[in-house]
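Across the two complexes that follow, chain A remains constant while its partner is chain B and subsequently chain C.
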Partner chain A sequence: MSDWVEACRVGEIDEEDVMRFDHAGRTFAIYRSPDDDYFATDGLCTHEKVHLADGLVMDDIIECPKHNGRFNYKTGAARGAPVCVNLKTYPVKVEAGAVMIQIG
Partner chain B sequence: MRAGMVIVGAGECGGRAALALRELGFDRPVTLVGDEPHLPYERPPLSKEAMTGEAPAIKAIASDELLAERSIRHIHSVQVVAIDRATHEVRLSDGSSLPYEKLLLATGSTPRRLPMPGLGARCVYLRTFNDALAIRAHLRAGNRVAIIGGGFIGLELAAAARKFAADVTVIEAQPRILMRGVPAEIAAIIHQAHEAEGVRVLTGQGIATIADDGAEVRITLADAREVVADLAVIGIGAVPVTALAAEAGLTIDNGIAVDAGLRTSDPDIFAAGDCCSFPLAVYGGRRVRLEAWRNAQEQGALAARNMLGAGEAHIAVPWFWSDQYGLTLQIAGLSDEGRSVVRRDLGDGAFILFHLAEDGRLVAASGIGPGNAVARDIRLAEMLIAKRATPDREALGSQAFKLKSLLAA
Partner chain C sequence: MSAAPSRRDYSLIGRDARLAVETGLSAAEWYHTDLSRKQMKELMQRSDYPALRDTAIWLGAILVTGAGAAFFWSTWWCVPFFFAYGVLYGSSTDSRWHECGHGTAFRTQWMNDVIYQIACFMIMRNPVTWRWSHTRHHTDTIIVGRDPEISVMRPPDLVRVVLAFLGVRDVWHAMSDMLRNAAGIISPAEKTFIPEQERPKAIRIARIWTAIYAVTIALALYMGSWLPLMLIGLPRIYGAWYHVMVGLLQHGGLADNVIDHRLNSRTVYMNRLNRFLYWNMNYHVEHHMFPMVPYHALPKLHELIKHDLPTPTSSIVAGYREMIPAFLRQLRDEDYFIKRELPPTARPYREEFHADAAAVAAE
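Then we have the complex of A and B:
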């Protein structure tokens, strides 16, 4: 499967920030890193299914708005209590001003 | 038997400490002793999801498999009855003993008892999962639930009970709900939300008498009004569990007194979480005791590091949240340190109050709003508080101004 969908336009997300993207009944979080790369993960925290897009991005970390669970949004790796399950990540490419993610 | 680390109390704090000891590479025995029959579990859901979810279940911090894989011995349903500091042993209620190199007391807190005659089987408290199950059994349409105490546990429980269409009355002796630690402006919004959802909130009402005949509870208020309920839940605060420490001769000061590194007056015994009072660095060493989930988690992990000799000080800013209906409240820092307030509106009725000290230092932030509307800015405020920042009042008050940019300053 190689389902590429447009998540947002380039520049719609501030640097070092995150945006929620819903598609076909699923929810994702799209990130723009401080060095201006784009990344995508599942939208919900693995601890209690909270939307990560309400959380804070600091460098390459997204912090859950509810209980401060931390993940590296580039790799999906859980970074300490209370989260212990990694976050699923998705390939991202920028094409003609669009941020595309491969939701597969 | 080789001595190792013994942790008394298998809640959030004790559970996190045990896992942290293994993550740090400690390879001698780690024993976690708890008086409940369950695995270490998260308590915050007990007044929230565990009450309203389909099938209530504990949210375990570690499964049996994980504990086995990490060689953490979990002794459950047993109490530690004595500490022998001279021989470095603890005695358990089943008659056995455990030797320790270092001991962590994570004994938590217990609901403050209502010092009145007349309480019976229908007057209950909420602390454990089993308490939660017992309360839940009474939550159904039309059943009358009286909640004594307008604090967080009582109010979250009131919200949960309304989901079952129970008939709910909250009785608070103070002039308003959430007197301790929550600004009046925010408490008023929570008060209104409860009334809008059909909860009767009676403030400024002391209780004259309680009569529980086993079938119903008859509560007579100071003004002679009567509240009759099928169940009364008492939520008037918590007290630290310190008897074990006190009997062992450790210093007690509104909790088991520890230093910034969570060490008690005995260098081989640490205490962490709800049961301990500690100096809070961010407020110049003011001694506090916190009853909060994140504090339990962080201090459990810090105690583990210091039991292994790290010598680190606890420097975190207190942080707390509550969910009621669709509203979430978050508070970073202790608002009573503040002398003036700046309000920041975030839209959708969400707002944050920034509490500033006399010298302009940001000392706390209290926010409320739908969903997680205040989460980001409260988190940024927490970092500013930790940095002892003196942010510009106008910047704090304007939504157009990004708090994140203050951090770099």
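Then we have the complex of A and C:
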């Protein structure tokens, strides 16, 4: 069963930035792109389980704060060493001023 | 001069490697000074300009000193040119591969990749192997059995340390590793940190490098001159002293097996020329604590967090004045280390990880 849950309010994340969202014992990263779109991925780097929300967003890339591994946060694709495993992404919608993510 | 066999097992597949994993020393949560998200975002911002400027100066200096050395070849006037060329080729490349390996020097990633490949060739570090060994170095900094980049093990092998300044041993190992990799062999230690899918890349690079050195040697033989090798390859020997001099200061004589970079890394104040050659890696505590911060923002980061760090070492000379006695003492007591005092404004962290060793240091 898939649930939509509110991760944050619109505008709570700066443009080209990321925020951590914890829910039901899991952790996610919510992104606001330079184009003002929202995206969501698993919150931990697939390399060494570091919180990506402490990293740097550049265009469509999130860079892990520990080893500078890179992912495309829109697709979850691993884009630079030392990450080799893609990041899981989640559907996002904006509804009534809330950023909602669908947690499968 | 070297001491008795160590009680520490530095092998990456040995006893201490297993212990570090079992006790949680490996892949642990390290201490970070608190900074606001806004401050961190400002510090982490990437820009091409500082590295483009510095790289233009750097490559220009390599070309000018290399051309001068070749022009004055067979006269004494070539010596100062080779001196400068050697440091640029065999030492300043240490910080270039490092910073570009982190992907922080330039905002544009292909620029990081190009300089990374060039610098790796000059410093004779396989770009694949060393990317992964450095990843481990950041995960498990100076954790015995886990960190493949511990330059001075305990008790210190001072002959090896002195030879490092001459570059001979490094080059011997680099060439051996290159030929082994070129033959398609990845060592058991390398397998502990290089993922399987990356290993063919390490082998391919080693083969390309072997071909470049073969052509250089063939050219030297054809010309009946050492000049080609003095320009390609040998600078890693006669120009290595500088990167060893500054590199030893990064962690030398400080604590091992702690998970607080303030205790196992050293920030040293250096002048503008040294910081250019070293790309600000003298701010080493800051770099390890926040590896996302580009080299050009490290002085600013230092100003923001220095209240939480040990007093920086005032100069290279001061660093050696504290490090050499520590190395000598470690010859007879390998558990001895320089205990970094945190300022009263600093937050303490996980003293239990090194309480026993701290007692040794305080004796």
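Everything that follows uses one rule, which is that the second predicted complex is superposed on the first by the 104 of 104 C-alpha atoms of A that agree within 3 Å, B and C clash if a C-alpha of one lies under 4 Å from a C-alpha of the other, contacts with A are read in each partner's own complex, and residues count from 1 in each chain.
The definition used in the following text is that a contact is a pair of C-beta atoms (placed from the backbone, for glycine too) under 8 Å apart; a residue touches a chain by one contact, two chains touch by 3 or more.
Bear in mind that the values here come from a model prediction, so they are computed numbers and not experimental data.
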Room on chain A for both chain B and chain C (clash or fit): clash
Partner chain in contact with A:Ala98 - chain B first, chain C second, else both or neither: neither
Which of chain B and chain C A:His51 touches, first, second, both or neither: first
Chain C versus chain B, contacts on chain A by residue: C
Touching partner for A:Cys8 - first (chain B), second (chain C), both, neither: neither
Partner chain in contact with A:Pro82 - chain B first, chain C second, else both or neither: both
Touching partner for A:His67 - first (chain B), second (chain C), both, neither: both
Chain A residues contacted in one complex by chain B, in the other by chain C: 54-56, 63, 65-68, 81-82
Of all residues in chain A, those that touch chain C in their complex: 14, 17, 48, 54-56, 58, 63, 65-68, 70, 80-82, 84
Chain B partner contacts - residues on chain A that touch it in the complex: 16, 50-51, 54-56, 63, 65-68, 81-82
Residues of chain B defined as touching chain A within the complex: 16, 19, 42, 61, 293-294, 297, 301, 319, 321, 328, 371-373, 375-376, 379-380, 404
Residue ranges of chain C touching chain A (in the complex, touch as defined): 27, 40-41, 44-46, 102-104, 107, 109, 131-132, 135, 138-139, 195, 197-198, 290-292
